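Chain nomenclature is as follows: A, B and C, assigned in order of appearance, with residue numbering initiated at 1 for each chain independently.
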């Protein structure tokens, strides 16, 4: 015979303050859990989104990031002849040789300077990297013009169309803003590779990105290009490359999130234990009545466990709701691989919310177990005394 | 002069929107060294009277004087201090703090005085001796029988040597034997130690043990 | 106060509840101390900077190197007492999973600039005299289990290839917040093996007088302003702080989580206090009847709340101090000198006091305001 859930729900309602406080404790644990993992997830998503599995990124062999890589013009010409490269709508191969450097530009008034990635690209880069102009226009070839990723625009000074930014001893005119689907590229400054090359580094590109005609051709491409005696390169899927870059920071954040919320969870569970024990103690006569009526101890156990879980569930839902507004808020940190700032958005996913809810239920069940056990062991005679 | 003088006391309560008049001009004396039993049906106001005398509650109008002090006019903190010094109260149940031993429970009123630990311990021992429970000093209430608990409560009521001992249904929860212990003790306190006792009860047998019995019904004294 | 036994007796009533609540407070204060220590340690890194040292980097981006010729010109600047330089090597060792800093330094001038690097003189001589020698921080030696005399091969990424060094010395920082996990080798070695192409990553200057910093910065930056490698000069403190801000808004993150933690434990503690209060109405009435004043009852309840939170705080803060104070925890080298500061401890206790107040105030007021007569009617 199952004790109706209504009994538990009404009992919870009888002690509104106690229930609310216990639930609130759990709410905060779940909120922190969701928020921290949303932070880690957002960072990872920004970097993962930066790469497409149908794109291939070529760096100099041994380079751990674009910054430390160098690919000569000749090497690029060799790469451009590879038959596996897809062709764009304009009939040109979808290959983007890129100059990548880090520049220092001032934040909005009074907040100092920050490192930003400046990328020199060609016409094909828009198609290869999935970039769209959302304001103004593309830069013109041969001119000192730049376009800005939309995440830079609100955070730094002189970013409006028509403004000028000064770096590397030259003044550049901002002619447009671009969107990159939420990826790390949105935190970059783009200009023409030919313009950036002489100013910065000499006659080398840092990376070459091209689109594969056929996704499955990757392994073959990797083998061929890495084995080519004329080149000293390493070949990687773009998505894999960027995912690896986010590795360290994401790992740290996740570990931190788990550690912090675990400790908080223990505290919240203690709160739940206290509440449930008090609840059981004050209801011994009710339990005695239930036993007298013929309900089995097992049902009593299940009943109080359900009650604890119900309180926790309330807390879990509230926690998810509390953390939800964070979704989409943009923050930034340094991508240590490129030594530059990456702006990304907190990412609260349904999976994360569900995870938080389950976490709450676990806390409730753990906290409620011993009190429920004690309730189920009650002897009728004792209780009615 | 009587020890307790109740003059023209009115007392009313607010119950929801209704006003309930418990006493309408009650006048009554309790002589020193007397042992009085107050009897009456429930709702008659006997417990209320006890509360008024103890300074736990205030009359709507009228005065109550105990040993010359106008109890009805004192401030709440004044009343607290006055009670500590002059009144020993015993309830029907829930007298003792379950987390304290018998000795510690009896010691409670003395914590409000300036006595040293040594002096307090001495008085506790004496009080428990009087009620015959010296050997149970270190026991917790749950280790005592109902009668023993009430005797410890009485020990606590006399430990600061108060002017007045007030008891509200002291034997209500007790079996015959325990009730007997308690009542005998009370008689002794009154006869040998000259304590003034006012006891509310609805048990006629208990009332018999007092020197005099007063009946109250609907707030009015009847003889 | 002689009423303390009563406070403790009441706490012993529900031993489990009291213990769990105390432990909860302990956990919360431990967590709070840990979070705050991340912020204080990061700041300390900036504080530890010497006021007499300045760092000269490439204006465009820190990753661009500067010409060696700047060395002489920097030495001529008024107020500059000494000049040294270094290069960030940025290679990987072993499986590459453990990060540590590798610098190519000039042995003749670098160590005079950084007296905080404590090396035994004989080891220092051995290091100086051997081109391929390496000087390694004590912490790093322990991480990899290296010993002096051992050969270590590092795979370069900025400077490709496998580079082999022989460990000739171990340094122990004389200042706690100074990183003890760095790997230093000869700048000249780097220069030779890059076909004389390597140039300094940055320069460090020592000032004869710290107050000259702004002028020196101006002079240096003006000097190279129009060259192809303009400079950005700042104090060491500003330089270190720049790195901290790179983490992102760590302070905000840690403080937010800290607040959530404190609030959560407030719920737990307040709930425990209120449950206890609810169960004790009768006793409060009895105590008042005996003659205990409203104020005393108030004090008793607040006393209970205080004992709980203070005990928990001592456990939590003490635990954190013990754990981190030993110096063992450095978060993989990223937070050297991680420790709980006196400020954090004080703040922790203040929070405990606030907790006591917040969790105890409602039940204490209730106890104080309890009408004896009402309570008794309830009870009997």
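In the analysis below, a contact is a pair of C-beta atoms (placed from the backbone, for glycine too) under 8 Å apart; a residue touches a chain by one contact, two chains touch by 3 or more.
If you're wondering where the values come from, they're calculated on a predicted model, not measured in any experiment.
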item: Top chain pair, ranked by how many C-beta pairs fall in contact; value: A-C
item: Central chain of the complex, centres being mean CA coordinates; value: C
item: Gap in Å, rounded to a whole number, between the CA centres of chain C and chain B; value: 64
item: Mean-CA-position distance for chain C and chain A (Å); value: 26
item: Where chain A and chain B are represented by their mean Cα positions, the distance between them in whole Å; value: 71
item: Chain C - residues contacting chain A, complex; value: 16-17, 20-21, 23-24, 27-28, 30-31, 35, 59-63, 90, 92, 99, 155-158, 160-161, 228, 230, 232, 242, 245-249, 253, 257, 260-261, 263-265, 267-268, 270-272, 274-275, 279
item: Chain B residues touching chain C - in the complex, by the definition given at the top; value: 51, 54, 56-57, 76-77, 80-85, 87, 89, 91-95, 97-100, 104, 108-109, 111-112, 117, 156, 168-169
item: In the complex with chain C, residue positions of chain A that touch it; value: 17-18, 21-22, 24-25, 28-29, 31-32, 36, 39, 60-65, 67-68, 101-104, 112, 115, 167-169, 248, 260, 263-264, 266-268, 270-271, 273-275, 277-278, 282, 331-334, 339, 341
item: Contact set on chain C toward chain B in their complex; value: 2-3, 5-6, 9-10, 12-13, 282-283, 286-295, 372-373, 376, 379-380
